[in-house]
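Dumping the structure here so I can ask a few things about it.
Note that the chains take the letters A, B, C and D in the order they are written out, and that residue 1 is the start of every chain.
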Amino acid sequence: MGKDRLAAFSDGVIAIIITIMVLEVHVPHGADWAALTSVAPNLLTYVLSFVYIAIYWNNHHHLLHTVARVDGLILWANSHLLFWLSVLPVATAWMGQHLLTPLPTAVYGVALLMPAIAYYLLVRAIIHRHGEHSVLAKAVGADFKGKISIILCFAGSALAFASPWLSMGLYVLVAVMWLVPDLRIEKIIGRE
Amino acid sequence: MGKDRLAAFSDGVIAIIITIMVLEVHVPHGADWAALTSVAPNLLTYVLSFVYIAIYWNNHHHLLHTVARVDGLILWANSHLLFWLSVLPVATAWMGQHLLTPLPTAVYGVALLMPAIAYYLLVRAIIHRHGEHSVLAKAVGADFKGKISIILCFAGSALAFASPWLSMGLYVLVAVMWLVPDLRIEKIIGRE
Amino acid sequence: MGKDRLAAFSDGVIAIIITIMVLEVHVPHGADWAALTSVAPNLLTYVLSFVYIAIYWNNHHHLLHTVARVDGLILWANSHLLFWLSVLPVATAWMGQHLLTPLPTAVYGVALLMPAIAYYLLVRAIIHRHGEHSVLAKAVGADFKGKISIILCFAGSALAFASPWLSMGLYVLVAVMWLVPDLRIEKIIGRE
Amino acid sequence: MGKDRLAAFSDGVIAIIITIMVLEVHVPHGADWAALTSVAPNLLTYVLSFVYIAIYWNNHHHLLHTVARVDGLILWANSHLLFWLSVLPVATAWMGQHLLTPLPTAVYGVALLMPAIAYYLLVRAIIHRHGEHSVLAKAVGADFKGKISIILCFAGSALAFASPWLSMGLYVLVAVMWLVPDLRIEKIIGRE
């Protein structure tokens, strides 16, 4: 099985996820400033989730670039990632309607945590197929940022019952950390 | 007509189906645990349907890989399959709102049965075009799993009025059966 | 400008249109037979619109196959077609909620008529670019079926105020007429 | 990173945006003329936004055609553009429900202004990567139309509190200005 159709299908699903999320930013009821500002929390949460999905798309692109062949394990690890990404719009909408309340903030953290874990498992599945000494294995290395992201999202989710503001700060921190472009794979491939 | 655009269009439709299904997992009303757990049935049904669609995407990919040329019959058999897959989100949402009640469980079974029949018809249309002695015909062979799936989905749908739990068990069984990767076509092509 | 990206974009839009239409087949309210049968009109209208969109996708594919180069006129004629196709889901939903009432039936006819006109204009734009003596011009010829479709959809729309049943019969007739695969272009190209 | 996947992903997102916008053209409540005419404002706003998105798709296509390589800056400038385009459906729906009232008209103008700015930034990011003396830099030149669009959308947004009709006239003017095909890049590339 070629990786091109897997990449195209993943791109399609991610493009749809990033776009339908905006459907949950409901149209304001009324035509005045109060109506407009009432959707501000939805819009802010949408921005954050948009950035996360864009980061995943970017990293996923780099990841698949290193893949030589796709097997059943990689395929299902990829579908598993897409599943958790597809749940993010619902968590985003809930968070947007109840910004900075404990449970929605915690659930939003779980919705960020699960794709991070799924991405980690996809990396493992690809390394498993290509060998521990492959380009990818060297490129990803200790995957420091991936592991930090999992820890921060988990911490954010757990802390939501103590301080939703702190949780939100951690979620934003992870996004900022990734906006610095992930150049690891490009570097190593460039050297080959 | 080339198969590439048919594959791309099918991938697009399947990617959209698998993603818009999540729109039916409604955002919880309220910010507490009761609100959250109220959407659990929707989420569970969504997981099952997601797996089914992913299986169809995977199998469809393998199937088209064997196709040399597309004619009108194959095209419409493919559109017929896409139609039934597109109905699954509605059946999933109904099932999610009325988990384990007889009629929605039976209708969900029909919504799983119809794509299985449509897939079988697509296989027949492709074999009809390429000949009974083609690679595909040999690869699919007796299509044991395909026929078993049709029987199990039909049984699940019929038994829903007696025991919705049993129906659900059968639907899950079919999904598990396919999660074991379908390696038949790969094997035969590998040998050529 | 290459035709490949135009084809890919059009395929994407058509794939989304054909799929989001199902979102208007609302989930039944309640879990009994009465609830289920109440969505039957929506489902029936959805089937008809699905077939129409699938026909357009198929014909559009054949049409673009003959195109050598894309200019601004073709591009906007194509966007014009996509616009009218994108309106079909709304007309379908209205029709589904008020099956066989005069105005929705007439508007549905208009929603079928406009893409037919837009398709005709796209054909003209392509012939204009490639010359009256091109393969396409010969292949499409008098475009009997295209013109008949425009007349029948117009007639169906106008007759809706007299007999919605007759209108619906005409709409179905056009769909059936196109399900017979459009082999004109393939034949002429095959002969070249 | 190749530009092909960036183009494909952007096309996917734009195709979805242009299509889901129609979901906000709600199905009329009732089956009479009053119900039908009540959705006319939504439909009119939809037409305008559809034309804007189609223009962006067209220009974006030409723009990427000139790109040789994609870096992180271009990638995020592109995601930034897609973000603002994805907000347009919400602004369109609000405008459609409150046609020619000050605040929604102003916000709609902002929703047209932001992608125009984002597009300008994307052009700058691409020029930054390829050099001020590249084909693209020469092709885009002073980017007169791009800057005029930004000014007109800004003016339209600001004037909405004085005269929503004037604002709407400016928004339509910008669309008309771009419907004249953007042939600048084609010309210069043709000459190389």
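Here is the rule we go by: a residue touches a chain if its C-beta (ideal position, glycine included) is under 8 Å from a C-beta of that chain, and two chains touch if they have at least 3 such contacts.
Here the structure is a predicted model, which is why all the values come from computation and not from measurement.
Touch-path distance (fewest steps) from subunit B to subunit D is 2. In a homomeric contact, the two copies may use the same or different surfaces; for subunit C and subunit D, under half of the interface residue numbers are shared, pointing to different surfaces. In the CA-based superposition of subunit A onto subunit B, the rotation angle is 90 degrees, rounded to steps of 5. With each centre defined as the average position of its C-alpha atoms, the distance from subunit A to subunit D rounds to 27 Å. Mean C-alpha position of subunit A lies 38 Å from that of subunit C. Those residues of subunit D in touch with two or more other chains are numbered 8, 12, 16, 20, 23. Residues 1, 5, 8-9, 12-13, 16-17, 20, 23-24, 71-72, 75-76, 79, 82-83, 86-87, 89-90, 93-94, 97-98, 101-104, 107 of subunit C touch subunit D in their complex. Note for the complex: subunit D touches subunit C at residues 7-8, 11-12, 14-16, 18-20, 22-23, 25, 27-28, 31-33, 36, 39, 43, 47, 50, 54, 57-58, 61-62, 65, 179, 181, 183, 186.
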